[in-house]
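As structure tokens, here come the structures.
Presented sequentially are two complexes of chain A, the first with chain B as partner and the second with chain C.
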Partner chain A sequence: MAAQPAKDTSTQELEQKQEWWWIAEKKRSKRLDYLRKAVWKKGALGGNYAPGIKVDLEIPQLFTNMWNFWRYDPPMLRRAKSMAHVLENMPIFITDHAQLVGYMGTLPHTLAWRVDGATMVNEELYNEPGVMPEPEQASLKRVADLNAYWAGNTAVDKLARVLDPEDAVKFLSGAIGWGAPTSAYGYSGKDYEFMFAQRHGFEDILDLIDQSIEKAEDLTMGNPGPEILPVYDRIQNWDAMKIMLNAAIAYARRYARLARILAEHYETDPKRKEELLRLAQTCENVPAKAPSTFQESLQYDHFVQILARLEAHEGAWPARPDYYHWPMYEKDVIKEKNITREEALDLVGEFMIRAYEVGGFGPRWAREGLQGITGTWVWTLGGVNKDGSDACNDLTLAFLQAARLVRVANPTFGFRWHPKVRDEVMREVFECIRHGLGYPSIRNDPLLIQNAMHWHGHPLEEARTWVHQACMSPCPTTKHGVQPMRMASATANCAKMVEYALHNGYDHVVQMQMGPKTGDARKFKTFDELFAAWTTQMKWLINTLVRTVNLGRYKDPEFYGRPFLSAISERAVESGLDVVSPVGDRGNCWVTGFTWVENADSLAAVKKLVFDEKRYTMDDLLNALENNWNGYEQMRRDFVNDAPKWGNDDDFVDGIMVRCLQEVAKHSREIKCPSGNSWPLLPENVSGNIHYSSIVGALPNGRRLGDALYDGGISPGPGLDKKGPSAVLKSCGKIDHVGDGRAFLLNQRLSPSQLAGEKGYQLWKAYIRTWADLGLDHVQFNMVSDETLRAAQKDPEKYQEVIVRVAGYSAHFVDISRKTQDNIIQRTVQGI
Partner chain B sequence: MKCTECSFEAPVEKFRYLYNARIDASISLRQCPQCQAWLATDELAGEATQKVGPGEAPWGKSAGIEGLAEDAAS
Partner chain C sequence: MKYKESKNFFPHSDNPQRGDFVERVVDPRQAYYKVKPVNADDEIPADAAEFAGK
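What follows is the complex of A and B.
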């Protein structure tokens, strides 16, 4: 926490100084204050874990022991039995004052290690000083033994053997994309409709599975024929799901027992004793049965998320808590008044803290790409009900209020704005932004529902259930809509498209022929020749990524598989297929477009200065780029300052942006995911703009190798949007946010002093109205002044709690690298 | 180029390029190969202007390089 408490400073004074973290500390309950301060920060500081954070070796050891023991079992059954062993034997703990339990490690300061995911990640453990539990030598020996067992046998190792060798080398070069196409590292959607809307506890699901097994067994007793052969596999899959569900119920009841032991034998405070007994009752009831109280509802959800994270390394947290927990909140807080609103707010705050606590070990490239956090936990709030009516409720307000009290950087919120949102809700949204949280991001609900129907054919009612699958991408929470793994999707380093178009497909950074040979750019005589080369490189890059992840998806039930996730997914429970199978999935894939805007700005600069005005030749340009602009500073400045830049309502460059997007959209409809659906582009960055700064070569927009790329999505280059916020919105409004791609991230910085008070709120509300009228699907704000950010750079100890929006996520400012900090400060502060 | 901290002298490209302070200005950050100091560098003149640290400075936008935005706009 920050260095000096502000006991003697008035709230009003703190508000004037915009030191919102002190206000939070003054306003939150003693319980929330304790829980917030007791939690271990798992996000990497820049790229390094904080002192004291250790990798958990107990769970990988338990898992590996059983995995070896059941080596003759089919994949799903083997994983289920191994996981059940973990759940039965892993040490558990209850944090003092906590009312919710469950963690994916055996101690609060540990990071989960997905030992069976990828050898290249396992080997990274050796490169991280300080993360080994003491005694270090003994831990290193355990790690070496585990790595020796898994080397060549992890999910990624298995997949690498079946990939096209050339694709594999290019994919693994790290130059054109990132991620591992396996559900071992997933963004798994949860079938909330099945669990919460239809009110299925795990015992109910066990009954459904038993009925399915009974029917299947009847089938196998009938006349022999090839059609019954798959049924045998499905029966084994159902058995695996049952093992997981029973193990999960038993795991929850271990918490119940621990809570009861603490209450009956150790706790002296009668109030806490009562809480522990309530916690015990809660864990006896859920997840076995559907929740019957608000606390049970939150606990059920948290158990599901933790269990899924024990099964796979999950990089995101698709959830819609104000919608799915509303029935129990309404019952307990509004109708029956079993708990007060303040008590409910405590539970909501703790629910967020328990999520913030979650952390898994990630390789350096992932930590650099997601500085300050361990995954993009973007929870969805607001939106509409299945009938189109406003879904915002008092729990929506409670989440927005609790966020300001606990001030965690993860989870964050994405708010589904629509025209019927009440002013009371908009004010709470604005307060979170004004308090410098950087969230909620604002999403255009009607437009994104239309987009979901356009690209993936989700029926209207299902499209209306959408949640953020990761930072940005909408996905329904329904039987056929839910998406079981992140690497149903691909992530492209798009700046390479223009780089390869200029260098005949050759990558001067990794020194390899990557893309197709599209011709020597020095000989290009027209812009259309360059654009044709760009289109070819774009198609090649996307195709390489997509066919790699398509294969990964197809092979995933064999190479990894998710028995627990299957057990909580209606389509898997019904079919007996592993939920990661593309069968039964409608298909909701997208290509995440990192470093996208550099294409438009670079192409526009070449068109204007080389082909239109002929101030420079292609020879001049290629010489400058090959020298990383060294010795060409005046020319570099011309390419930055004399060429139009995206975000200034300039049709010259905006037209090129739209043309590029339409080329991708056309291609997106031609390529297919394993479920047969399209692959639209979704430009956004997380902090990949920093990660790729040393991988993307010099570009015609004036960027050198080493410089941060733009901050992503369709956000203008930092400091290059010189014509004000309306011009930014107008540029972005030229894109068809339904037909040109899946979603488009827009970062904006607003002045906190301008947006103070009622006048500030009205200004912001008018801005949002313009944003909506222009048909944009996303916008998110940083509202922390340059002065505060600079002060935090100089004296980080004093500003530990300053939060900023990096890209699709928020982070504590002091946890991100200096380069990322500088990149955020460079963004233009817009006056509206 | 001459390091403002240790006076090491070499062609500008021998000073490791780190990143720009702003894409639309000629100020970048380079690192002295001898004393490892981060140096604010005027790329047009090929000169090291000053050491970059977390303290106040007369140009730039981030801490230690305040004022660069104004410089770029002018």
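What follows is the complex of A and C.
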């Protein structure tokens, strides 16, 4: 049984003990309390699903039946017809007290399974104890039948057949990167400008498509010529989009019908009956029409997100809710006063809960890399309007307040800080951090707008619409700026760059020649020889990943395709092309750089101790590394303690960090995405630093195979930043956060006792000012004491609701592995 | 028992042979109403329990 706070414990006492989760329980409404506790948590606990969580077999079965039936149709039409069948026939449900509906499984405790994505993921189902619905034997048989149908025919299977075999083997080795180069497992940006700013309901979009089809049919009936030949395919694509839009409207109206049936035949409470009838009206209206109330606005958005997730396994949730829902909030809460602010807060809290409950089945490497969650739902708050004025509003405050009431680990927020943000907003941001949520992360809005223009040529007005496409990377929400498909597969395990430079491209962990042969490092006489080898390995690693992802993007309309996503994207509605086609996409690619900082610390250690001071030879070092430092403990300590480490405002190592980043940035401009734009680096880790701990070999920074890697993109190694928070910021400030990469993740731990009260807020605000002045683009905070975290390790049942910032996401502390827990505790607590 | 004989079956107005069958579920975390489209003449499975309306 879950622990409960003593009933007579006052809020003040709980605040003093920093047990914010009990305060949330006391303060939130009965509805939010019920709905928050009703969630079946889908995030894997360290890597394993929680008891009671089952894979949904209904939807894959419905989809496969129709996919087989429509086998002679072109890909987009076939997918649309199959999905329409799913939407028409899948069981749906309405939870008691709910005012918002829509879920990507057929029951609250089910995980969605993207059966047509990748055979290698499908086969993992057999290895997961407890996830098969009862009766288990019948479910196993059903899974086996589905897997037999899809084996060799999934999106990844199709791509693997056209990939260069050597690239395919190295990519799939798991050593240098992760992900699947298909929109079946993507992060799809949403064209919020088209749906919300331009106020297009699905019926409006159907009208637009009909007009396009009419014009296209005029062409096909006219003079023959090469220009009309592509039009035939586009008409079929438009038909596919129409099928999806009509199916989506019908799907929403199934909820309307159920709500009305419940109100008229089952519900006895007049208040709930009224809510159900309002819910029915809401689902009648949206997504068919543009929203006309705040509830409809949230419901429209949620339907869009759920429908997109029924079409593909989406690993992220790009959104800007305080901006796009503000018009209806302003109308209902402020101008017309149709609902009270408390009622609006209930809707906002439930909106977050509806996202929190979403989850899909993922392979083990993804679960280990995203412990505690099923995707990085980073919602964007704050920022500026298209004209540069402050976009923060009362709904921004409502989201920040609701977050403290519902305390979900997913979604989290990224707050677009800029100099015009009002103090009352900053206070609410700080309160979330002080309450230990680990979010919002703070993003430097002026700098990131400049960055978006620099790397991808987004016009200023469009760059100002940016949202987090995944954990970190800004992406506009506009016709040509929105990126419909960013796969996690351009995610580089960067520590391999220095590892391969030292081992002539050979990987001693997977025992394979991976990178190019850049020479026997034992014979290197200068640091520049080592750095040249590093540069070659860096280019090889990034090229291998990007080639794969580029091909995946180019072939995706053929191998997977997104009829629903196309139907809500102005670019596709206008062109008749599948939105995953690169045509008309300005491009917004980035290479996620996991395990990045080890490069700087390792290269600095070799330069100082081998080449500059000559305390050790390259032979000594290579012998030690090949033995995983076993038998070389004193030497290992020298490499840890006597070599400068990133994050201490030390120009020796900081210079190497900047040099490495500039080499990558130079290469980023040489390699191109399918739209012809660059691939800048974005150093960050989710919990990849733990996942890769058993894949990255021993390194010259003193790390052994098996030790956790550093946690952030530019965070210093845990406990290695010894000169205080200003030194960390100064080191990070030496990076050009516009020209050296796309964004740079910085984790910091702050002391909750130091930051208590008004004085704490003022200290934190001054810190943020320094952070901005030094030109950093990102920082996020953990503000939970060691005492609480250690108590949670000892007595997890009592601390179920403690949330921590892992990397680009937050998770409940008890849901992450012991190794990740220890890694977070080891991070330096900065006194500011 | 056929779906059409249940008080929890709600036929579609445009096609009474098809309809929605409503079930009440109380799981360890939440209570909810679930619905799925069915054929009026199909037999109700044994695990789909009847429940009382208002």
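Heads up, the rule we're going with is that the second predicted complex is superposed on the first by the 827 of 832 C-alpha atoms of A that agree within 3 Å, B and C clash if a C-alpha of one lies under 4 Å from a C-alpha of the other, contacts with A are read in each partner's own complex, and residues count from 1 in each chain.
Throughout what follows, contacts are C-beta pairs under 8 Å (C-beta built on N, C-alpha and C of every residue); 3 or more make two chains touch, one makes a residue touch a chain.
Small disclaimer: the values here were computed from a predicted structure and weren't measured.
In the superposed model, A:L258 lies in contact with chain C only, and not with chain B. Once chain A of one complex is fitted onto chain A of the other, the partner contacts of A:W40 are limited to chain C, with no touch recorded for chain B. By the document's definition of touching, neither partner reaches A:Q198: not chain B, not chain C. By the document's definition of touching, of the two partners only chain C reaches A:D96; chain B does not. Look at A:Q762: by the touch rule set out above, it reaches neither chain B nor chain C. Shared-chain residue A:N385: touches no atom of chain B or chain C. Once the two structures are superposed, chain B and chain C can be ranked by residues of chain A touched, with B on top. When the shared chain is aligned, no partner comes close enough to touch A:T526: not chain B, not chain C. After overlaying the two complexes on the shared chain, residue contacts for A:E88 are found with chain C alone; chain B is out of touch. Contacts of A:G719 after superposition: chain B is touched, whereas chain C is not reached. Contacts from chain A toward chain C in the complex involve residues 34, 37-40, 52, 88-96, 107-109, 254, 257-258, 261-262, 265-268.
Listed in rising order, the residues of chain C touching chain A in the complex are 10, 20, 22, 25, 27-37, 53-54.
Considering their complex, residues 12-13, 17-24, 26, 28, 43-44, 54-55, 61-64, 66, 69, 72-73 of chain B touch chain A.
Residues 628, 630, 633-634, 636-637, 640-641, 693, 701-708, 717-720, 722, 786, 789-791, 793-794, 818-819, 821-822, 825-826 of chain A are the ones that touch chain B when the two sit in their complex.
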